[in-house]
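Below you'll find a set of structures to go through.
You will see two complexes here that share chain A, one where it goes with chain B and one where it goes with chain C.
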Partner chain A sequence: MATVTISDVWKYYGKTMAVKELNLEIKNNEFMCILGPSGCGKSSTLRMLAGLEFISSGDIYFDDVRVNDLPPRDRDIAMVFENYALYPHKTVYENMANPLKLRRTPKDEIERRVRRAAEILEIDPLLGRKPVELSGGQKQRTAIGRAIVREPKVFLFDEPIAHLDAKLRSHMRGELKHLQRDLETTTVYVTHDQLEGMSMADRIAVMHEGVLQQLGTPEEIYNQPSNEFVAGFVGEPPMNFLDCTLEQTNVGLTVVHSGFRLALTEQQASLLTAGGADANVRIGIRPDNLAIEQGAEGSLDVPGEIFVIEPLGGDMIVEVTIGSDRVMVKTKIGPMGGPGDPCRIGFDVDKLHVFDINTGVAYF
Partner chain B sequence: MANIANIDVAGGVVRGVRTVDYVPEDFNRRPPRYYLLWLMLPAILLLAAISLYPLVWLIYMSLHEVQLAPGKSDVWAGIDNFSRLATDKKFLRGWLTLFKYSALCLSVEIGLGVLVAVILNNNRFEKILVTIFLMPMMMAPVIAGFLYMFLYNGTFGWYFWILQSIGLLEGGSILGNKFWAMFAIVATDVWQWTPLIALITLAGLKRVPQDQLEAHMVDGAGPFRNFFSVALPNLYPFLLIAILLRFMDNFRFIDHILIMTGGGPANATKILPTYLFDVSFKFFELGRGAAIAFTLLLLTILLGLVLTIVFEDPTRKLRTQRED
Partner chain C sequence: MASREIVRYRSPLRSALQGLSILFLIFFFVWTVLPLFIMVVSSFKDLLDAFQLPEVGDWGDIGVMFDFKPTGAHYVELFTEKHFGTYLRNSLIASLGSAAVSVSLGSMAAYALSRAEFRGKRDLLFWIISTRMAPVVAVMVPLYVIFRSSGLVGTLPGLILAYTTFNLPFAIWILKGFFDNVPYAIEEAAQCDGCTRWQAFRLIIPLVAPGIGAFIVLCVLFGWNDFLFASIIGSGGAKTLPVATAELVQPVKIQWGMIMAAGVVTTVPMMFLGLLIRRYLVAGLTMGAVRE
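Let's look at the complex of A and B:
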């Protein structure tokens, strides 16, 4: 229960820059996800919050207290590590009791809190076991248990479910989110998996190469990506990017590609003009926002040729060649022909994104 | 290959076509025992030549009164050599002195070695410091003995001078003093062999999982607590090896003592191996010497076994189970 303020924080390892001028405010009881590919500085940020890494420059505040020089034990945090970091010579109970023991909590209080945490996490039958006797999921629960026995100011999660198998991972996503709501504790959650960020977080901070790219709710990150990196990183399958030129025609500003022409809305046109867009731009559109129709004749505007079809059970992803480029289309499963067959594609122009071709910054 | 069939195809035989139920049993079958014996034979022969043959001789000698003069044959003595040891005060005192010496060396070396390893670990100058630190170990023990003998010398020895300057020593000599002599030889052993312990511990420290240390820090531990609760349990197997090595070494090591005190003054540093040396190579009672050597050998093996059994890492059994 604290607000966390990261103010102008830089992190260098020798001469390598890991985090650049990071400013981030995490609200009380908020579930903040720091999302990014490996090497983007997200773990460094978390470790600086934990006090496991020196801050090269800048300040970190918990509420109004500057914590730069406080060792981890004085920061009142709890952390769950990627590899769980359980103590192999201690039982599950002793592992979970450790933070309380180190803070000289009375024995019966320790007993009460550990049992309660174990009940919440449904690991109470395992309390007498050693970590080597646990499965991955049980280890992970123990590690979370060790974090929640105390009532820390901040929870720090460092990719806690990255090593679980896919099914357990999707189960734990829900559990963790529920737990965080229940415990009402400020949480910083680091992950490279955009699905975890989208499904669990109140707000997401997307980082890339040490720089904060965008900060916003999952909905904002998904629908209004601030640049090409965020647009491409979030969403599965990823957004389609096509290099186009802008032309002024009698129906207004038009996007011209070797395979199609798209008239933009007036609002989009004015945003591009206001942004001072070049004639060459990159457009982005999510696979969900493309419609597809079988056959060479049809109501949709853009002719294409099917490259490959990937059925996913209920949905399917169709890769279609349009002009010199290839796009992915996500649609309900149904008859579609096969590779080489003609098809027609429809763009949902309202959902179109346009990026500067050099800087990657989004116009909308 | 058992299941490779020869199949007739249009009059010709096609070799090497596998049948459907092919099982590569030849790869999975354990080789027969005699095959393993052949593989081990060179090692067994070498071991027999350098170790078993002397052992048989040792037992033979311990049961005889060994004659040195040419032409005279050894006299059967039964267990006389052994039964006489029970009343040999020097023999019993030798054991006590040996235990005292070994315990002192081990405790100081382990404590100091671990401390040095912790300081060296992740130090900016770790590599160069380790190299420098290993130098005493490279020195021949006899030379180390001489070096320390000169350092303790009452006329020009630096250590003597330092101890005298700070008022710990009034006069006389270090190695000639019944109280100081033991500490003097222990100090020499510590100087020469602490680096070995530090090296083994340093290797162990590299294997202490970083995330456990970090988790423990987040849990609320300071650096000391962190070391004792997380690093030390992880160091356990390494320390056990270090202790075992040094303990067995101490039980046979006489180089420093022979050079510096020869067991004196007044037998204050006469550990059992030194006494054994005296009996065998000063008085040439080879049969009796062999009996002493045999008891020393037996007890070394026995204590080594006890050490490994008693101090066996309790989590090892669990750790050897495959992790998921």
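Let's look at the complex of A and C:
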């Protein structure tokens, strides 16, 4: 139950910069996800919030309290670690009771709270076991249990489900989100898995090379990426990027590629003009926003050649060669021919993104 | 978990080697146990019986070795006239005391060296172990001078200090390896739970228990079996068992029975220690949860 304010925070390891001028406000009871590839500074940020690492410069506030110089124990946070970091010599019960014991909670209160947390996490039959006797998922639940037995100001999650197998991971995503809503506690969740961010967070902060790229709701991040990095990092399969040139024609501003020409809408054209776009741009389009039909003759505009088809059960991903580039198209599964066969591709121009070819900044 | 089966196929060579290894084990058993056996048996014989030996090669007459009336006289004499009770106590205090000091200082130093990064760390580590490289005799004279001017000669604290100088570097090196294997995340989790750094350190001590156990054995053995320090620095007020036993060897009328009894008194506590620690060590190792 706290607002977390990260104000102008920098982090250096020696001369290496890990976090650059980070400003972030996490609202009370918000589920904030810090998303980025490894080495983007997201874990450093979390560890600075926890007090496990010094802040090179800048300030962190919990509500109105500056916590820069407080050790972890005085920050009233609870953290779940990537490798769970359970105490191997203690039972599940003792692991979960530890934070309460350190706060001199009465014995019966500890008992009550640990049992309740264990029930929520469905690990109550395991309370007498040691961590070695647990599966990955059970260890992770124990680690979460250790965090939720108290009512901390902030939950900090450092890739808590990264080491679980895919099925359990998707199950735990739902559980964690539900738990966070239930407990109503400000949460900072660090992950490199865009799916976790998209599915769980209220807001996502995308980081890359120590710099905050974009802050927004999952929907904003997905539909209005601020730059090429965010656009490429979020979404599975990833967005297609094609280098094109802009040409003024009688139907308005047109994107020209070796395999196709696309007329932009008036609104898009004015955004490009306003942004002072160069003639060379990079366009991006998500595989979901491309249509495909089989055969050389068809109603769709762009001719292509199938490179490979990856069926996914209900959907399939078709990789198609257009001119000198290759794009991924996501579509419902159905007859499509095979590699080398001709096909036609349709662009949903409204869903098109255009980026500066040098800076990667999105015009729209 | 992957299978850990070691595949072994029968072959003539393997059978031959197996036979050889059994022979070796029998020989080894006799080699190690026989002296102990003779020591224990002789300590219960009076002087005449002790020299009732069969002729060399006369295996039929081996019974004479066992043909005696057991007597506890040597033990009684040892503890009444020769004050072995005091020496036993000195030995225990000196070796256990040094183990306790070394383990408490050593674990803290090892923890610091395992966790902290600082300039010259490797040099410091090497310097610590290099103090073990000189033989005891080489430092004996300067140590004696220092101890004498500090009034430590002939006292138990002096002896404990002397053993600690040799045990501590060893403790630091052994324990550092064990601390290195404990993930730092566990301490970080402890700090988030509400531990101070010191509480977090105490929390992970059980995880290095096998190392501490192994080290205590080595440390106690060093002090218990030591003769050189004990005879020079401990001489007088802090006489230990090995020194006292050596003094039983007099120019005339060597007390073989008492020497054997002293040998038993010296050996038995270490055997118990071995048994005690072995169980503890195994328990520590099977915990096996240091790595996630």
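Everything below uses one rule, namely that the second predicted complex is superposed on the first by the 364 of 364 C-alpha atoms of A that agree within 3 Å, B and C clash if a C-alpha of one lies under 4 Å from a C-alpha of the other, contacts with A are read in each partner's own complex, and residues count from 1 in each chain.
By our rule, contacts are C-beta pairs under 8 Å (C-beta built on N, C-alpha and C of every residue); 3 or more make two chains touch, one makes a residue touch a chain.
In this text, all values refer to a predicted model and were calculated from it rather than measured experimentally.
The superposed arrangement places chain B and chain C in clashing positions on chain A. Of the two partner chains, neither chain B nor chain C is touched by A:225. In the superposed pair of complexes, A:259 makes contact with neither chain B nor chain C.
In the superposition on chain A, A:132 makes contact with both chain B and chain C.
In the superposition on chain A, A:304 makes contact with neither chain B nor chain C. When the two structures are aligned on the shared chain, A:87 is found in touch with chain B and with chain C.
Once the two complexes are overlaid on the shared chain, A:77 sits against chain B and chain C alike.
When the shared chain is aligned, no partner comes close enough to touch A:197: not chain B, not chain C. Common to the chain B and chain C interfaces on chain A are residues 50-52, 71-73, 77-79, 81-83, 85-89, 98-99, 102-103, 130, 132, 146, 156. The part of chain B that touches chain A in the complex is made up of residues 209, 211-212, 214-222, 225, 229-230, 233, 314-315, 318-319, 321, 323-324.
Only residues 183, 185-186, 188-197, 199, 203, 206-207, 287-290, 292 of chain C touch chain A when the two sit together in their complex.
Within the complex formed with chain C, the residues of chain A that make contact are 50-52, 71-73, 77-79, 81-89, 98-99, 102-103, 130-132, 139, 143, 146, 156.
Residues 50-52, 71-73, 77-79, 81-83, 85-89, 98-99, 102-103, 130, 132-133, 135-136, 146, 156 of chain A touch chain B in their complex.
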